[in-house]
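Reviewing the structure listed below.
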Amino acid sequence: MEKILAGWESLCASSSTLRFVDINLRSTGQVMFQDNPLTGILFLAAIAWGSYAAGVPHVAIAGVLALVVANLTALWLRVDRTALHAGLFGYNGILVGLALATFLSPNALLWVYVVIGGAVSAIAMLGTANAVKPLGLSSLTFPFVLTTWLLLLATYGFSGLVGTALPTGNVVAAFHSYEASPLKLMDLVQGVLQSISQVFLKASAVAALLLVIGLAVNSPAAAAFAIAGAIVAVLTAHLFGAESELITGGLLGFSPVLTAIALGAVFYQTNWRVAIYALLGTVVTVIAQAALNVALTPFAIPALTAPFVLVTWIFLLPRQCFEPAAAGTDDAVKARATR
Amino acid sequence: MEKILAGWESLCASSSTLRFVDINLRSTGQVMFQDNPLTGILFLAAIAWGSYAAGVPHVAIAGVLALVVANLTALWLRVDRTALHAGLFGYNGILVGLALATFLSPNALLWVYVVIGGAVSAIAMLGTANAVKPLGLSSLTFPFVLTTWLLLLATYGFSGLVGTALPTGNVVAAFHSYEASPLKLMDLVQGVLQSISQVFLKASAVAALLLVIGLAVNSPAAAAFAIAGAIVAVLTAHLFGAESELITGGLLGFSPVLTAIALGAVFYQTNWRVAIYALLGTVVTVIAQAALNVALTPFAIPALTAPFVLVTWIFLLPRQCFEPAAAGTDDAVKARATR
Amino acid sequence: MEKILAGWESLCASSSTLRFVDINLRSTGQVMFQDNPLTGILFLAAIAWGSYAAGVPHVAIAGVLALVVANLTALWLRVDRTALHAGLFGYNGILVGLALATFLSPNALLWVYVVIGGAVSAIAMLGTANAVKPLGLSSLTFPFVLTTWLLLLATYGFSGLVGTALPTGNVVAAFHSYEASPLKLMDLVQGVLQSISQVFLKASAVAALLLVIGLAVNSPAAAAFAIAGAIVAVLTAHLFGAESELITGGLLGFSPVLTAIALGAVFYQTNWRVAIYALLGTVVTVIAQAALNVALTPFAIPALTAPFVLVTWIFLLPRQCFEPAAAGTDDAVKARATR
């Protein structure tokens, strides 16, 4: 595989078109911190399959469109080449496109929205990176969350854009308590898989497997922490008595999966102490997910990956307590420096 | 005009009373980034006319009172002289006074509120400037937004202060979709003018013209970007199908007008690339305005200029991508350094 | 008393168990900025009495448990010794424990929550300190507020954790105006005392007296500003026509009390100019308390000490305007440097 990647890299070096393709593939991989075009292809396959299986192929197209627009915007802004080539200006874009097409009806204005969203995601990425670098932090998916929240909130004031998956009518927050049902093994497995696929807003076991493979080809540790994070998330949510449908659908697990990868296998040098820290961070992300679900009810917008961003930032700020991930051992890690 | 301003400046240098008048005039001009006492007089005329025409002369008085209190507070705090003389400690104050008197019933406690608001706006200005300077940002009207939001929110807990323009009773956010009506030329013109006058919370074509003249005497570019921003805002809002009344009333356009001036004619060196960037920023500010209108519904407070602050900060953070406005060519620009 | 403290200190130096006890006592004192184990004992007595008198002894136990967990977590994180020994990693923990047990029903999961909350409070403390140190700020009780808000919000998504003191069912924000009743002297006294005891979430005059004594043994100025702050808060709230029950119960006064101590006796060198500044800050904190009470209604969570954190940060950012508290005169002040 090393040979294939080396060959591909030399092709990219000689063709600006292939380089741009490479940038977009790496951007896709960067959603889960992987600076690897092969990972990107597998992730794209997961998105394509998940969208096709759910009968919404335009969602995948919107994701790719916003991804391309984001990287073109970054080019126009003349951003740092190393960061651009590592895919750091596109991963928010693809998420913006997927989210907009998932939550809004497909019409002409949706595509205007996707283009605007892709462009703004790149600007917000650079802005966020500038803002949090003095704190030693990375942007994570904050640009995606910010851009998508603004665009989704605004649809309630725009008759040209209509939500499909968004709640409509009065959004009175109804704080009911409910009974949690017992955990079955099949539900656990489904919850774990969909927690992984929901990172790309998909509820699909096949997509989840493609994503895990995509992680494994670049970083076995990342794949392991993704699976472990999903298991921890499902068990934690069940322990606290969260709604079974949310757990099984992976809707309480996708942010914790990202937290587990980030804390366990990307930003800190993996060891037992870090693993315990990542475990606590994963548990807290489940709590933050439930908290943000409640907090956003009056606004009728989804939490997206905000719980991951919030908790991972809190857990990355005390960075003097752990060894940073060794530079040089991993492309993704090097890229992290600028992210 | 240069001669008049030079004569006035020498008068101010010899009289601390005139200097204080000058500071307050410049503060008024700084609401739209103009460090020029003549601009300030024209802006004050716009405020006075707008208040008088709407039958609420006390609103203009509240604005001036809060302005004076803000500058006196800044004096008491012994702030940096250059920034004080450029009017950077008063522009938030006048907006606080105008907003409080616009949204609350006139009674004795309103005036207590106006005094407190003016004083706090100066403290918040210095605090914000200290907080965002490391990021290369200016405070914009964040101190105004923060101070006014706190004061307005608190009135729901204080029986002594009653809202007039604020929604009362249950504020269940009602997310309805509605039909947008076709755009007529007269509505466009009215929407453009009121988008400009609403920067000072006024719905008045006369006030808008005074404001544009006030801009033009100090910076023709700023006047041009204000008008262009208003046109873009009205067209964008119409494209997305926003409510016609909001568009025509200028309520979706005042923040975009400020964004257009800030990005196009104040912080970056004006050229085509910057103009395109400012155009995108203006469009995004319309979206952010609609978004914040929705997000603030549960709290029953107005968005004020928060959309401008949010989007302009996002678009100013990637400052390495554009040439900063040349220092020395413009008083306002020099002042920006400390703002 | 100096001798007793010196003797205790030499005992602590020779026993790691006693040192840990000392850390936890100082942590308790740090809730009101006092780095003194005797203050801590008096504060603990206030908490114990307040919990016992209200028939909820488990609340005091939860506070102490979270306190110990927070300090153990800080030890595990290998934080800076000086800050740890000054109690700076525990004061948020004790507040988290008290708040969780006050607002949630006592069951097995509550204790899981208390342990998680204590641990997260220490991580959030270190993270906040890293984030705000470049701005010259201290963490104040932000880590407590953040941690507790997340944990409380999440309970609406977890059937295993049920609120007792939290509102349930639909939380439609009802913005009614109401009549304020005349102020009676007894109500004033009760409001002042409970404003002080509510810092530890207690409505108890005895607890308030113990707290004031605890302050006075370490810093008479802090005790004076606490009482003055409580009086100012009660009078301000009454002037603006706040609900009498809230005033008398101390629920509008505990944040202003902390602001008064912080601005008047901890961070700035006490003098008349600072006293006036602290007075304004205290008044604004009352307004911020009313504002946040309204703003948090849709989320059905309490404001906790967020008004104190918000206003004190705003008033500490313009630090160039005042002399910082002299280092060396006061242990608490030295500790502030790292806080």
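Chains here go by letter, A, B and C, matching the order in which they are written, and residues are numbered from 1 within each.
Methods note: a contact is a pair of C-beta atoms (placed from the backbone, for glycine too) under 8 Å apart; a residue touches a chain by one contact, two chains touch by 3 or more.
Everything numeric in this text was worked out from a predicted model, so none of it was measured.
Engineer: If you apply the touch rule, which chains end up adjacent to both chain B and chain C?
Structural biologist: Shared contacts of chain B and chain C: A.
Engineer: Rounded to the nearest 5 degrees, what angle rotates chain A onto chain B on CA?
Structural biologist: Rounded to 5 degrees, the superposing rotation is 120 degrees.
Engineer: Averaging only over C-alpha atoms, locate the centres of chain A and chain C and give their separation in whole Å.
Structural biologist: Averaging C-alpha atoms per chain gives centres 37 Å apart.
Engineer: Where does chain C touch two or more other chains at once, residue-wise?
Structural biologist: 134, 172, 298
Engineer: Taking the complex as given, what residues does chain A use to touch chain B?
Structural biologist: The touching residues are 77-79, 109, 112, 116, 119-120, 123-124, 126-128, 130-131, 134, 146, 149-154, 156-162, 167-172, 298-300.
Engineer: Across the complex, what residues on chain C touch chain B?
Structural biologist: 134-136, 172-180, 239-243, 246, 280, 283-284, 287-288, 290-295, 298, 313-321
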